[in-house]
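First chain A sits with chain B, and in the next complex the same chain sits with chain C.
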Partner chain A sequence: MNNALTWLLRNPIWGFVLLIFVFFSVSNEFFFDPQNFKNILVQTSTIGLIALGMTLVMINGNIDLSVGATLALAASLAIDIQGWEVFASWGSWAILPGVLAGLLSGVLLGALNGFIVWKTGVDAFIVTLGAMLGVRGLVFIYTQEQSFFAMNFAYSDFGASSVGPLPTLAVLFLLFALITHLLLSRTVHGRNTYAVGGNREAAVNAGIRVGPHMLINFVIVGFFAALAGITLSTQMGASTPNLGREYELWTITAVVLGGTKLSGGSGTIIGTLGGVLAIGILRNGMNLMQVPAFYVLVILGTILIAVLFLDKQLTRRGKGELRT
Partner chain B sequence: MTDQTPALRLDGIVKTFPGVRALDGVSFEVLPGECHALLGENGAGKSTLMKVLAGMHQPDEGRIFIEEQEVVLPTPLDAKAKGVVLIHQELSLAEEMTAAENIFLGELPRKRFGMVDWKTLFARAGEILKKLNCDFGPETKVSRLSIAKKQMVEIARALTVDAKAVIFDEPTASLTDAEKVVLFDIIRDLKADGVGIVYISHRMDEIFTISDRLSVLRDGAYRGTLVTAETDEDEVTRLMIGRSLDYSRNVQHAELGDIALEARNLSCDPLFRDVNFHVRQGEVLGFYGLVGAGRTEIAETLFGLRHPSSGQILLDREEVHVASPADAIARGISLVPESRKEQGLVLGMNCRDNMTLPQIGDLTAGPFVANGAEIAIYDQYRDRLEIKAPSWRSIVGNLSGGNQQKIVIGKWLAMKPRVLIVDEPTRGIDVGSKSEIHNLIRELARSGYAIIVISSEMPEVLHVSDRIVAMYQGRVMREFTSDEVTEDNLVQAISGIGGERAA
Partner chain C sequence: MVAETKPEAGRPARIRRRTGSNAMSVFAKQGILIAFALFIVGFAIFSDRFLSAENLMTVIRQSAIIGVMAIGVTVVVIGGNLDLSVGSMLSFSTVLVVDLHDQMGPGLAILVMLAATLCLGAVNGLLVGYARLNSLIVTLGMLSAIQGLVLIYSGGQNVDIVNQESTWFAIFGRGYVFGIATPIVIFLVFALLVHVLMSSTAFGRRVYAVGGNPTAAVFSGIRRSRVVFTTYLISAFATGCAAVILGSRVMGSQNNVGQGYELLVLAGVILGGTSLLGGSGNVLKTVVGVLILGFIQNGLLLMGFAYYVQWLVTWIVIILAVWLDVAAKRGRLFSPIA
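Presenting the complex of A and B:
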């Protein structure tokens, strides 16, 4: 019991998740339903995947605003390339080069972001703000403002498929969440992520090559943004040039709700998971209660500020106790 | 003296934080025109007492009197309005504003419609700066001032009100000796004007230079007040830590081994030029000089943080080019940096993670970090350095300065370096931990490490070093063995007088 309480104090967002889960279960008859839970998981998986990478980047003390545009580019590439005539004879295998190209675009854009941050020393906020505008422009140039549709139904079938009782996309998300959690909490790279974000100078003095290290995390978030673009487009069987707009804001909201500090040095995947679920459950629950969409935004914004205020109060008291 | 009305008097102050009794019935007074030093180890309650005085904390029990009028000080602004001003240890100035704006921050003179009255502002700020003998004008941007001058701005802030008591918290922490002299003159001027001074410092020599009386705190309790002229360092130390300290000259030399590290005509323009020295295994080489003499820059060059403009670095008699800290670490050079909080530690991380940070890449089992191996290393160095932390999970930011420094030293010892460079080994550390760290450095030398110690404190350099390199403005002025060095010739060498250039 005591352990559970300290755990909850360290991850207050899960207390909030529990609270809204109970609230919607009691107040809405359609909420507490396995099918609805599956919906929530699938809806969350898109933001969730990006949030995994964003957590690493933000613990580093950086940020990536270009994830929404990267998502759109990857989705457009994946759907367009699988329809190329070269691959016409490949059958369902034609999907593979499309998906690989999409993922590769994310990795390359992430590497480019990281490389510029490393070599120029310009703040990641500025670099990725530029990338956000520029990549979105690329998407419109590439797609000529057109939406693409996946002609191969195997692609959209994947988005609707299940592994056992769980939707494939949810399984994919949870699997990557586990991998990222292990990466962050158990590996050398994860430890260095905290060190670089916690005190960059001390990290340099400890022999950590900070530039290449940060580049790897930008590559990871780029990969996840591209992957999220692909999974999102399998859900819709299509991509639009405006796909993923404002996703960078939703992702950052989720990560911050999960307890990651904007200044870097602290944060966990478990917290991020809570943040992502909190947003997913709130949107789903209010939707079921037929709260109009714009009111949902007002409520979510208010909750973001309220939760962070609460978190600040909690940590402030914790610090006061420790100071002698 | 005693029949005077105290400028500030505390009576039976008690302050508790959850689980800690930080102040346990402390009484204290400062008379007008008196400099009253407040001493105690880290955690003794000095900071808490100071915050009570300045209105940042409210006492649970006890009373505060200003000129024998009982007062309540709910905020720092109230305290200032009543004439009690705190000069912060960490400068809290708005860097991008002018000195004048900083001096009157929060109470800028106004004209109609809330416009700033610049004329009055600059005139009044200029007066105060002139009174402090500052050589910069009120319109100077603070970011362009040196640390010492920023401190002048901080002091000037205190003088905008009719100050009755001014509290200095470790004011000399980042000042050079020359700048200290200026600060002490200002303190004497304030005393002459009848202001009571509360002077908090770790540095015994300063306290004996500037204070009239001193009071000692230990573990949150008041231990006594002494008249400075009638006591000595020994008595004060005993009062502070409950035992006396050995601060003698280093005479015992270890068995010296081969030359571990040598610098030949090493230069890094314009920071230092044509520097020659070597250090053997089992030897402690001290670097002494004023702030800005180029000592830290030499250490940074050896560690790969700077690249030399000319000259050679030889490791085990072979020339090496140290490209980066990672490269230096791989070659067996370790640096305990000058400022442990900014450069040495990740304060939000736990003890173990900090200690294993440079070698964590080698502590793996499969793809993961090997927990057991990490804890084993932490335990080994915790025991060897007698680090006092509740557990390896304790967050380093919550430890005392001495224990934090031991974590940094342990971190580098665990790398089993051939050369250990320690920059300001005991800056901001209390007296008890200081001597522990000095003993540790001597013991490490005996066990065969080649050690370079950089320090601004003369007793420290004299105490730990086998040989001392004296630097002045980026050049080596002279090299002393511990037999030939005296305080006089050392001071002359670092001031650029009388010292012969070393060959």
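Presenting the complex of A and C:
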């Protein structure tokens, strides 16, 4: 019991998740239902996947604003390429080159961002702000402002399929969450990610090569953004050039709610999972209670600031910050 | 503050800067103006209509809305903070002023709208200035919250002004002052006023001081909280002015009209050479930065490219501009980090 309490104190967002979970369960008859839980998991998987990568990048002391555009590019590539004439005789296997091209685009864009941040020393915020505009331009150039539809229903069937009792997309998300968690907590790269974000100078002096670690984390977030684009497009069986707009803001919100510091050096995947679920449960529950979507925006914004405020109050204790 | 670039280890930046070549330092200081000139010459060669007075006026008029907002955001950024809420705030203010116009007339509508916008700015200012919260997250939360407020206020409907011919409200977006379009006049006058405020008053110096070194500023007797608070009020006021131009130009408003503006505005500020670290920057250079964005858009359209090609070019221009700026300051092209 005591253990659980200290754990909750370190991950206050899970306390909040528990709170709204109980609240919605009591106040709405449709909320507490296995089918609805599956819905929540599928709905959160898109933002969730990106948030996994964003956690790494933010622990590293950087940020990536281009994930929404990357998501749209991957989705468009995946759906367009599987419809190419070349692959007409491949049957359902035609999906494979499309998905691979989509994932590759994410990896390459991530690598490009990471490389620019590493080599030019320009702040990641600026680099990815530029990329957010530019990649969206690439999407529009590639798609010529068209939406694409997956002609092969196997593609959209994947988005609606299940593994045992759980939806495939939810399984995919949880699996990658586990992998990322292990990567962050059990590998040298993970440890160095914290070190670089916490104190870059000390990391350099300790012989850690800062650049490659940042590059790898940008590649990972690019990969996850592309993967999220593909899972999102399997849910719709289509892609639009405006897909994923403002997703970067939602993702950052989720990661910050999960306790990751913008200045780098601290944060966990478990916290991020809580942040993502908090947003998902809140949206789903308020939807079921027929609260207009407008109010969700206000409430989420308020919660974000409130969490920041509480966090500040808790961490300020004993530090004797200069008050003016 | 997100833009906190960690000091590059083992490299005494100040000595480097002094020994950097003269051409480099000239470029670092005036790079944005050189780029501006290059763009104008380039577009003038490829399009014969580009340099006509009419076209130049059109570009400046189109840039006025983002420009006015960018001037306000520049002040916030010089003070060492960010403001991402200006996009939602523009939606809010425009919907409010257009909706109130038919209920209480233009004059009162503008006053009420400005008061409401300043209240939003004050919330930003209280949270960032007095509560010392991270400005990126606070204004990100406000972005979401204000967008929600707009939708609640408008009930998801778009608003418009019924009698568009019979109101003097039209002068801000459609009118002319001495033959110059009013948005241009507002844009340039506002830029000049804020420039004077930032370069020639005690308040301006305080903003630079707080952005450059908050601790030193506090020890010098500057009330940091109050200065930051005021920068957010200025930013909100600028957004209110932009909303008047936009509302008057369109005579109506969609409820998400400002979506995405915060990042375009920031792009203009960054192109103008203002460091996201705070403590340096120049309002007039922000004007140039915003105009560069406008000229890229206009020039590419005149050359026959689709409108979205400008985003790609903007990407390259932003990174090159900031890279050269950073490189000139540290005296070498590539970052020394391993």
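General observations
Here is the rule we use: the second predicted complex is superposed on the first by the 316 of 324 C-alpha atoms of A that agree within 3 Å, B and C clash if a C-alpha of one lies under 4 Å from a C-alpha of the other, contacts with A are read in each partner's own complex, and residues count from 1 in each chain.
Simple rule for what comes next: a contact is a pair of C-beta atoms (placed from the backbone, for glycine too) under 8 Å apart; a residue touches a chain by one contact, two chains touch by 3 or more.
Quantities reported herein were computed from a predicted structural model and do not represent experimental measurements.
Of the two partner chains placed by superposition, only chain C is touched by A:L133; chain B is not. When the two structures are aligned on the shared chain, A:V298 is found in touch with chain C, with no touch to chain B.
Which of chain B and chain C touches more residues of chain A is settled by the count: it is C. When the shared chain is aligned, chain B comes close enough to touch A:L182, but chain C does not. Contacts of A:R209 after superposition on the shared chain: both chain B and chain C are touched. Residue contacts after overlaying the shared chain place A:Y194 against chain B, while chain C stays out of touching range. When the two complexes are overlaid on their common chain A, residue A:L262 makes contact with chain C while staying clear of chain B.
Applying the stated contact rule after C-alpha superposition, one finds that A:T253 touches chain C and leaves chain B untouched.
Contacts of A:V122 after superposition: chain C is touched, whereas chain B is not reached. Put simply, chain A uses residues 199, 201, 204-205, 209, 321-322, 324 to touch chain B in one complex and chain C in the other.
In the complex of the two chains, the chain A residues touching chain C come out as 61, 63, 65, 116, 118-123, 125-127, 129-138, 140-141, 145, 199-201, 204-205, 209-211, 245-246, 249, 252-253, 256, 262-263, 292-305, 308-309, 312, 321-322, 324. Taken in their complex, chain A has these residues touching chain B: 182, 186-188, 191-192, 194-195, 198-199, 201-209, 265-266, 320-324. The touching residues of chain C, when paired with chain A in their complex, are 1-10, 127, 131-134, 136-138, 140-149, 151-152, 156, 215, 218, 223-225, 259-260, 263, 266-267, 270, 276, 306, 308-316, 318-319, 322-323, 326-327, 330, 334-338. Every residue of chain B that touches chain A in the complex is listed here, in rising order: 17-20, 22, 43, 303, 305, 324-326, 328-330, 335, 337, 342-349, 353, 357-358, 360-361, 364, 367-369, 395, 398, 411.
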